[in-house]
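Two complexes follow with subunit A in common, the first pairing it with subunit B and the second with subunit C.
So, the complex of A and B:
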């Protein structure tokens, strides 16, 4: 496979980047480093400010404070066109009256590239994206996936240092989305360019990102590789946002050994309803703690030998595994993963065991994860 | 209910019967009305004769035993009243010699031998034709091939139905011919009565010189002609061309003068030549045509609508429901859009004015006359020039729309301000502008003078008046166009501008490559509607210049208005209207085609 990058990709640095709309703070001061050639995903619910960050990097919105550095230069006074970035929009933003070919060539024409060069770049992008048969069509005659490819192609022909993706797959159906996700990953591998990708879909974030920036209400929650985000979420919010089914949580009090008299545990314990769990370490000063356990870190066992007893409400059989809906320690709904042929049924009384190694501890007050 | 073939046939029988009966009774009514009018004329002649000494004898010699006098004074009966009884009689008041007091009444009975009624054989023929039509339709419907596989009637069926309608046309046409002959007879009788009244007078020439003198004497609208009577002819209310032609015409052997498709009956009495103004002897060749067209429609439309539902109760119900929902709209359309359109087309084939009872069919003469009508071409040219304000106002509107594009309080205020002219009465706007552009007292000239510049004759100079009207038109339309453009601009996704910015497009290129293409449907819409409405400009011209000075602002619709109402040439005006319609249609079609094609390309 021919690599199409002719220049080394550029890194990006955000220094105290902030955006206010009147009294509303859309993005709180944000510091972030993106390495050259890295694929970073901004993820968060709608309205969390991730798209605003992207638009500020592109130069479409001006920051209220702070600076954007691209490839080692501050781009505060640089026009979007001169930042050497390309952007793919959620709506694709293809020029409706131009053919696919004209759409691809438009940016190059605006930059006064030579006709031969334009032709070469356009046909190369068309070849990579499989658009050759569609070149003379207009966007109105294309399917959603085809439009998406053209939008990628329009970004590619420019050969930019940075690609910006603004929820590019959210208008596609689930099947196509999976295909396009793979193509984007391959594109990144092939081009080696720096890519910033905004999405509200945690699956896209986990599968595409080399690093993920989780945002909420204009604040960065955590910036780390996907597995770290999953296994060591910085706080309760990140823990609940990432992962399907959602992480199981329960909040309880820390009880001193004396108070726990009559129980076998010699050390302080977390007591939450039917669950009593010895503290893994002396981390917390707080009296109340939330623990989080992912579904695959729960084991459904016979009632005798378990951390707490529970009743099964429903079993979802997905074929490769079963999701067991059961009562948590406080009778709140929990979900455990079990084998595909797990024999239990709704109404069964069961025991639940927690994988202590992968049980996450959070401060119930501010939601921070406790080491 | 289920529609069965028998229903269709019954429907057709009723329709055909009604249409034929209408055609026949129309002919009969025309003749009867003419006879009644003659009777009324006779009554007024008798009343006039009775005023003079010895007039009773004269009336008796004229009308025989049909005239009777009663001394009953009825101060209310001042006009001729013809009762509708058969045989009819006409009653009118007799005045004393000085025409002040009613001294009695005179009654003239209808001459029973004169009465013409439509031959029974024609009614029989109509019945036969009707039966033939129904039989034909029955045969068509009952044949298995009525409904094609798609449920529609097959063409051979239509052909046979057309033959049937043509058969039904025969009695209608015969009735028409009978009516023509009967009316000619009545006309001859009118002329004879009047001639005999006048022949008994020794002052015919003097009477002929007094306007309406003969009318007073005979109750008939005559135009006397002679060497010195040209002026009187011109004062008779006839179109000028007709009056001139009549003055110079010599009667044919049959005692008729035909001028512009109208035949005028003439009679020579003593030294005067009388020309009976056209009345019912002017025949419209259309009434039976109308009846037959109605017949065709009455039969064809239900056939088309209902034939597909034969034997299918559900479809029949659905069809019925659909048509009853459509009916109000269709009726409104028919009465207020298609009806006037067709009436105008009919008018354009006739010489027609409110004052002249003769409204003869002239074919395409009105249209042919337009070719050499310099006034109309001037009006069309003026209209075309006037239309050139559209690109200016659209450019202006686009600029304004872009200026107030971004939302905010000022843009709302601006939008309202732009829109104000569109909701103001056009007449009020035109009057204010007329004052502003006035030579002497106008604001525009006052401003020019204050600036030390010479005055401009905005509305009184032939070379400037049209430009002034165009300025006013621009002012009145630009607001509406701006609002439309604003609506169009909001439909352009912001993302496209962002994409264009990242692609490195300058403001101008964003406008060129994003705004203009995005606004294209709006531009096309505004262009076409503006051009159409500028072809229809009337109000501003009517109020501000009345087409002047020197026809410099005589635009098409204003010219049509003058032709119809000032010159009373409604037929010609209708022909102009249809010509204008054709021009607008052609221009619009051309626009659509070129703009669509460019959109395709």
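So, the complex of A and C:
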């Protein structure tokens, strides 16, 4: 079944959008552009302001400063109902006293659609989401996944220019979450509508978003496509927030050639415990530097030919690969990916080699990534 | 403390049930006695011969049919009035943002500390000044707002998830529509509780109808029952027979609404 939007999707622009609750700043001035038809994910820990941004776009909360533009018009004084957005809530927010059919139709009835049109749109959404058999049930008689579908359906029937999702999958179990993730992606492909999705789950962010906005303490940390977020995180926070297992970090000092002479390094290098890495030119701007290496950019090798020596503490065999827990340069816990049949065991003395090309350098003071 | 044994709990329950039922049984027994049988020493537990004729006698000694109509009209006006005022005010206190909301609510609550008897005379003077004494409107007018009802409804509306109202706003519903189509249907148990209590309060109200009505045509059932009891003579069997008839509708109402009642009190976290 092919369903297309009758109107072109709208772009969204946030200009200096800010939210304060008394003295507490929930969202610092935020500038962001979302292209028409784009799927953008806001990700961050709870309390980072991502839901507040969504609510301001929906018109449910008023910004303290700044403006929201939807489809080329400022919507500051536009009621939520007139912004042409639909929202799916974390709790689903289905009307408990109405049947599934009535839940789907409520928004259309409020907008005074003709009965025949309501019927057509409701049955179309029910068909797409597989709700036909549930139409006369009430939300209390539905499972979590079914409620979720009804919540999507309620958003779909309105044919809005923008879909807003507020952690819609957080109440589902892991398996259902994966299914629904795929369905949302398909829904986006089918409808082509602009979608904004809030989550604290980095997997949802990486798999769904065409661009990801990483938030922390009400500030935007980075706004980029998933791979760029992963490979070129703007700062230490983004680097640690995205990626499983978490990125391996170590902080050390930049040591001048003279001091490093004992180690026979010709150029300045980073020295952190048992590790010593020569710098590329501009990285010497900071005196203290943190480097980050993802698990797949570490190679566990025989002790001789390596960047530093280490001891294996535990090997997690996942079937398709092994995760090797070992000592970092300062004996802090690091994790390296290895082949599924990697032969090492806990207690083995090993060497660890870093993939220099994919080693990320950060200023240890402010955390920003050094190019 | 150890849990009381099963037997002890049973004894306590039976005692409690007896404490509730004995007055009822006594009322029914007395309603069937001869007028002087009541005064025997010791008083009989049950009439030697049940005088069913007392019922017909009591109900025709005064125009009780009229009294029932009056009490019914009075109670229904009070129920309708309190449902409307409590639901709207309770919703406003629970959900609408306006200046002085908290202060106004506390002011409302503080009126609960004024004993009803204290304002009985001012209420009468007020109704009298409006020339509404001895009318249904005068009878009901000062009973249409219940602070307890407002409190009950406010607590109930506060339990309606805000996301439901947010969803309705995005769906295009205005404030009135959200109140009517979303919030109100979700507090039905509390509404039923309030309606029942309002009905009971009005139905068994004696003092106010006694003061504000004068003519026989405007009396309520309670006033009629009380008037069997005069300074020099009380016809106990007639009074009890009328009382039995008067509690019948209340018992019926309880039987049908008990489910809502407990649900409503449970939902609002208020113990009866």
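Everything that follows uses one rule, which is that the second predicted complex is superposed on the first by the 367 of 371 C-alpha atoms of A that agree within 3 Å, B and C clash if a C-alpha of one lies under 4 Å from a C-alpha of the other, contacts with A are read in each partner's own complex, and residues count from 1 in each chain.
Just so it is clear, a residue touches a chain if its C-beta (ideal position, glycine included) is under 8 Å from a C-beta of that chain, and two chains touch if they have at least 3 such contacts.
The shown structure was predicted, so the numbers you read here are calculated from the model rather than taken from an experiment.
With subunit A as the common reference, subunit B cannot sit beside subunit C without a clash. Once the two complexes are laid over each other on the shared chain, residue contacts for A:85 go to subunit B and to subunit C alike.
Once the two complexes are overlaid on the shared chain, A:169 sits clear of subunit B and of subunit C alike. In the superposition on chain A, A:107 contacts both subunit B and subunit C. Once the two complexes are overlaid on the shared chain, A:34 sits clear of subunit B and of subunit C alike.
Among 38-46, 128-136, 272-280 or 560-568, the region of subunit B with C-alpha atoms clashing against subunit C is 560-568.
Touching of subunit A by both subunit B and subunit C, each in its own complex, is seen for residues 55, 58-60, 79-81, 85-87, 89-91, 93-97, 106-107, 110-111, 154, 158. Every residue of subunit A that touches subunit B in the complex is listed here, in rising order: 55, 58-60, 79-82, 85-87, 89-91, 93-98, 106-107, 110-111, 154, 158.
On the subunit C side of its complex with subunit A, the touching residues are 161, 163-164, 166-173, 177, 181-182, 185-186. Residues 55, 58-60, 79-81, 85-87, 89-91, 93-97, 106-107, 110-111, 154, 158 of subunit A are the ones touching subunit C in the complex.
Subunit B meets subunit A in the complex at residues 493, 495-496, 498-506, 509, 513-514, 517-518, 520, 599.
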